[in-house]
Amino acid sequence: MRRLSFLITVAALASLPVLWPDPYLLSVVAAAGIMIIAAISLNLLLGFTGQLSLGHAAFFGIGAYTSALLSLGFDVDLGFSSPLVVEPKPVWVAFVGAIVMASLFGWLLGKVAFRVRGAYFVIVTISFAQVMRMVALNWVDLTEGPMALVSIPPLSLWVPGEGVVRLVSKASTYWLVLAAGVLAYVIVANLVRSRIGRAAIALRENEVLAKSIGIPVTRCLIVFSVLSAGIAGAAGGLYAHTVRIIDPDVFLFIYTITMVIMVIAGGKGTLAGPVVGGLIFGLLPEVLRGVVAPEVQWIIYGALMILILLFMPKGIVPAFGGLIKRHRISLRRRPSATQGVNP
Amino acid sequence: DDTIKIGVSQPLTGSVAASGTYVTNGARLAVEYINSEGGVLGKSLELVIEDNKSNPREAVNTAEKLILRDKVPVMMGAWGSTFTLATMPKLEEYGVPMVVETASSSKVTTSGNPWVFRISPTSMMEAQAFAKQLSSFTPAIKKVDFLSVNNDWGLGAASAFKKVLENKGIEVGRSEIIAPDATDLSAQLAAIKNSGSDSIIVTSGVEQLTLAIRQAAEQGIKQRLITTGGSFPEPLVKNPGPEGYVSTHLLFFSPWTADQALHPEIAKTYMAAWQAKDYPFPGLTEGFRGYDAILTIAEAIRVAGKAEPEAIRDALWKVKLAGVNGDIAFHKEGPEGRESGQNTPNIYIIQLQDGEVSAL
Amino acid sequence: MDQFLQHLVNGTVLGATYALLGIGLTLIFGIMKVVNFAHGELYAFGAYVAYALVSLLQMDYFVALVLAAGLGLILGAAIEFLLLRRCRLENIDEVMLIMIGVMIIMQNAELLAWGGVAKVVPTPLPQESIIVGGIYLSPTRLFVLGAAIVLLLVFYLVIERSRLGLAMRSTFQDEDAARLVGVNVGRIYTLTFGLGSSLAAITGALLAPVFVVTPTMGDLASLKAFAIVILGGLGNIRGAALGGFALALIEEFGAAYISTAYRDALGFLVILAVMIARPQGLFAARERVG
Amino acid sequence: MTVSAATQPDTLLSLSGISLRIAGLQILSDVDLRIEPGRIVSLIGPNGAGKTTAFNIISGYMRPSAGSVHFLGQDITGRQPHEIAKLGLVRSFQRTNIFGNCTVFENLLTAFHMQGRSGLFGAIFRLPAFQREEQALQARTREMLCFLELEHRADDLAANLSYGEQRLLGVGIALAARPKLLLLDEPAAGLNPSETEDFKQMVRRVADSGITILLVEHDMHMVMSISDYIMVLNQGHRIADGGPADIQSDPEVIRAYLGSGLQRAEA
Amino acid sequence: MLKLDDITVLYGATVAVDRVSLEVNEGEFVTLIGSNGAGKSSTLRAISGLEPVVSGSIRFEGRPITNARPQQIVEHGIAHCPEGRRVFSQLNVRENLEMGAYCRSDHVGIRDDLEAMLNRFPRLRERIEQPAGTLSGGEQQMLAIARALMSRPRLVMFDEPSLGLAPNFVEQVFELTAQIRASGTTVLMVEQNAYAALELCDRSYLLETGRVVLQGTAREMRDNPDIRKAYLGG
């Protein structure tokens, strides 16, 4: 049943370019789709392990820059005798490189950040993204700094009968993003409904208790951090090859915020949450555009966000899905159940 | 449809929002003027304005929106060299011409994009114009430092000025870089303070010029400040700085000396319209770019006889026009067969002392 | 040496304002546990109030400062009363996101009202710097320093030494228990949020004549304020003040002697280093483990 | 005696010379304890004696300033809680600890973590081995629900259970981890006498199934009737140990801990 | 002194307290007993204004206090020592006690009372500067009791004060409640330890699933065979 409705949804989404072949619409939906993939990856951390990463745009940006740089080639002087020269690589190689690189940083940040929790973790992740932005901004030899990396090649695909085609049309971009999105969704869905997924949830709910039943908290967090970073890196790579320009502002806080909005408004810790939230908040600016001034669009965006939270504090999906029963009461802290400081 | 759409991509927010806003206002005035004279080809012009947020990626975005969604046949933009360079591949992809009103990096016209027509001067042109006037500085300029914004414009201008000044036997000292959105420049200024130079050439948007001048005064910086790029920092009009202090500004339109412009009547029409709207006075030095660009586009549409991208592009080569800055006409630049259009505008150097402006 | 002292002075002045921002956020984030990303917007709000009153209404700057603090208090209290009260810290993410909504709304309202163009607030004090032993002291910055230090002391005393401060800390540790000893919890919430906001607003108004006023000025301010609070140890007023000075000095000396380009990165790098070396924050108290 | 205790083959857990200082306070001083398999051992003492702290040290949540902890002949001093749990030493908590926003079923299923083997790839690709394991764990979860008599609560959120049920679930979570040694910290607190009686029966059943139990409890009725061996702590020092009868008559224990409360326990 | 008339408390759809009526007279010692989840704590929370009462009324010394704000109720002279201690974990022992006297303004009186509390609980004096969160469970319980008394209440409500306390200390706490009552303060206590509760009190109410199912003097209750069976363990 669940599988069937999933397949129907995917099929419906896949037919959009046929039913409504407006390139602008497709490009807007594809752009939202990329953010949704990023949101799905954030949900893995925020929703399931309960760790709020506010530097998630960093993984997105690292993916984007890695993929762009590998596909464009670069040479930088690292201060050793000879400069490091990298020839342009095929786009798919670059794309895989992006995932690997982002995962690597996910591992690194996981190692560092998970020594601390809560607000401290948040601030470590923010700092990480800020440092990455400064590097992208100032390591001009490598990243072109604020001048941006331009003319990034598009992804290409070998199609029987047609040979290698460059995926530049809006429809092909759309399908590409859709395919990646479905893949990310399935990976996350399978992961969280497994032993390791339960371990993550356990640690979100009560870390002290999770440890006591043998859940290796740090390792579990790092696994999730790596996966989450990898998916975000893939989203970044997709972004680089579809927008084909990338600048240090992709590391800006507002991009992380956008992902967080999508996840929480949609319903964190639910599979469909980031998708629903992503569609609403990814497409909203486009819907409002032309109706009101840009500033007013954003004011509406902010106000809508607040309203959703005030009336559906757990997010849209739980509110409508009825998946989780009336939460407000149960979440009221019962004194005995929560104070975990002193086990 | 009885309107012709013109796409405008300008930085209305972000680090160079002031200048983008001025240029957009200038464009609005030109459209009002043209429409009041009966429009073009019997239709009135309509601006579709998008904010590129002082960011190259957003600039690409705005171009796609304007072209795909609003289906504009021609664009004006995108203020910054970086934003313009980022936008250019989209022009080629969709075949839409753009009149570049501000950007000054040489790359804009040399990279081989046949859809680009620039009315603004390159940094090299600015540097050369400046070099011609070197003798009028007393005491003479012997050594200069640079304070430049970290983008195609700032870095390009610094290298053009260095090349030209070194040719003139002037020593080049430190080169300090500032991030496009930095507000505290004290560290850079401190580094320059005791460098032994006599002048600092500052290249950045009007916001940072303002900060640089104020913070230089606070730190007791002795060097003469020379700003490039055509912006005039607003607070200088109200608070001219310490007595006897002279600052020098390279402008492409000087409202103080409008009667000396090549076409004073056009300059005055523009100024009157600006003042009628109560737009801020210092914006005049930049607003004219939008004004001239729209005049250029309107003329091209008239020459083309229809509002279609390719026709407008071909017509742009034929445009001969009197603008606020002077005569506008494009010559070919860049690789053969794929040339871009480049105009040869006028450059003014003015000096400000004790609230008084004089031309050099 | 002059250079060194000059940097020290510049860093100290900046540090005083960072400290103000930091203790404002300590009230809201450290004590109330509201992850308030709109803190920087209240800072921008204060700066715009100063601009509107001084540049547009030709009001006296010092009067404008007081008004900015007052309006910040009212705005902060209103935000708490209208938005946060309904979901009273039940869910940290929810509250955080509401504040992000507030941030988006405020920033764009500013944009709508004032446009994206940077605004300049003239300083009421002489522009000529005072030169003491080769060090340039701008009167405006000196005033900022003095005002900030006075405010820091006042707030320190209020929070750490007064009955009100005790009630604040109790309320956010255990709301029901605070009610049971007779604390008017609702009023404490509103007041705490208002005071924190007021501090942000007055910081903005103090810095308006030093820098320029733009709608995005709050972004980095928020992040830095968080960094400062964390650096000082959550909920620790003295720590936040020290954290503010520490961050500013690191930035200033880092920019002077390491790299101007990485100025803003340095602060964050230090945070990463602190977190790796001493996860509890620099000045934080020990807590019972396990 | 203390040193050799660690190496004695019939010793499950041994503490030797455990001391702990925090912030200048001596919380535990030179505590020794030896637990043989299959027994129910109780640790009692006045409030603040250091019982919970001892549990924290044994289960890896705190590191002693001196001394060592051996479990199954291995030195586990300073190891991570989850590593210690893997060896088969699991604890419950003085304050109720459950996964509040998960259902009772999910709470227990999660607690079977250590019984699972499947990894990342199995999960992502839903390999057959993974599916089989899932089935098996679910079946065991249902068994555990029966054992705890919580079947009717299976789909309720744990946070919505009454206090007593939450305590029960807390113990169930620890049991699901299949310990060799189970540490219970005041499991009967907040239960009324008849509930305590039921609970005591459950602890017996657990012990009969071969799990060794170390119990901290202030309910003397329960402690005295269930324990094979009792150790008494006071201000971080061991002041007595022995069987229930010895402890009840020890004058120092009566003075420091039992008071006249003992009579009531015997009532 | 305190009179509850048919009060009902809901958590969402759950009825926690179902039309409960009870009365506490000046100078009396009354206990509420009942199994887990019976609604004892919820009743106390309703009296002190922490949970809204959806129907019925509460009067204290003749004045209606139904759904009054908690701080007004404290000011009227009711103190509530809550279930689960609820000390202010990051405040030290002294500050916790000072907070207990939050609604008082007689500085000298507060100082004397603080001294009296420390004399009564020497353990707290030893830990006077320690953050309350690091105290052991029993120490926190003492602090919670002392804090409640700091407001000089005329009626004090204890919610399972013996929870987690060592036997000798349970003894002390019960003695203390008796002393408090002897000194003229009225006491309403929730207690799992039914033996002790019924030994100490004058009257008692038995709650089951939100309702009062039995009430009477301590003696009557002790002798009731149902109570012996269900709550006294035999």
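Labels for the chains are A, B, C, D and E, by order of writing; each one numbers its residues from 1.
Just so we're on the same page, a contact is a pair of C-beta atoms (placed from the backbone, for glycine too) under 8 Å apart; a residue touches a chain by one contact, two chains touch by 3 or more.
Computed from a prediction, not measured in an experiment: that's the story for all the values here.
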(Q) If each hop has to land on a touching chain, what is the smallest number of hops from chain B to chain D? (A) 2
(Q) Taking contact as defined at the start, I'd like the list of chains shared as neighbours by chain A and chain E. (A) C, D
Q | Remotest chain, chain A as reference, centres from CA atoms | A | E
Q) With chain centres defined as C-alpha means, what is the inter-centre distance between chain A and chain B in Å? A) 38
Q.
Rounded to a whole Å, what is the gap between the Cα centroids of chain B and chain E?
A. 76
(Q) Distance between chain C and chain E based on Cα centroids, please, to the nearest Å. (A) 42
Q. Where the CA atoms of chain C average out and where those of chain D average out, how many Å apart are those spots?
A. 47
Q) Which residues belonging to chain C are in contact with no fewer than two other chains? A) 111, 261, 264, 287-288, 290
Q) Which parts of chain D, given as residue numbers and ranges, touch two or more other chains? A) 52, 56, 61, 94, 163, 190
Q.
Among all residues of chain A, which ones touch two or more of the remaining chains?
A. 137-138, 328-329, 331-332, 336, 339, 341-343
**Q.** Residue numbers on chain A that touch chain B, as the complex places them
**A.** 23-24, 27, 137-138, 140, 145-148, 150-151, 243-247, 249-250, 294
Q: Write out the stretch or stretches of chain C touching chain B in their complex.
A: 3, 6-7, 10, 14, 111, 115-118, 120, 122, 127-129, 131, 136, 138, 140-141, 211-212, 214-217, 252, 255-256, 260-261, 263-264
**Q.** Residue ranges of chain D touching chain E (in the complex, touch as defined)
**A.** 44-49, 52, 94, 162-165, 186, 189-197, 218, 220-221, 256-262, 264-265, 267
Q: Over in the complex, which chain D residues touch chain A? Could you list them?
A: 52, 55-56, 59-61, 80-83, 85-86, 90-91, 93-102, 106, 109-111, 113-114, 116, 118-120, 122-126, 130, 133-134, 137, 157, 159-160, 163, 166, 173-174, 176-177, 185, 190
Q | Residues on chain B engaged by chain C in the complex (per definition of touch) | A | 11-14, 17-18, 20-21, 51, 150, 176-179, 181-184, 186-188, 190-191, 194, 206-207, 210-211, 217-220, 234-235, 238-239, 241-242
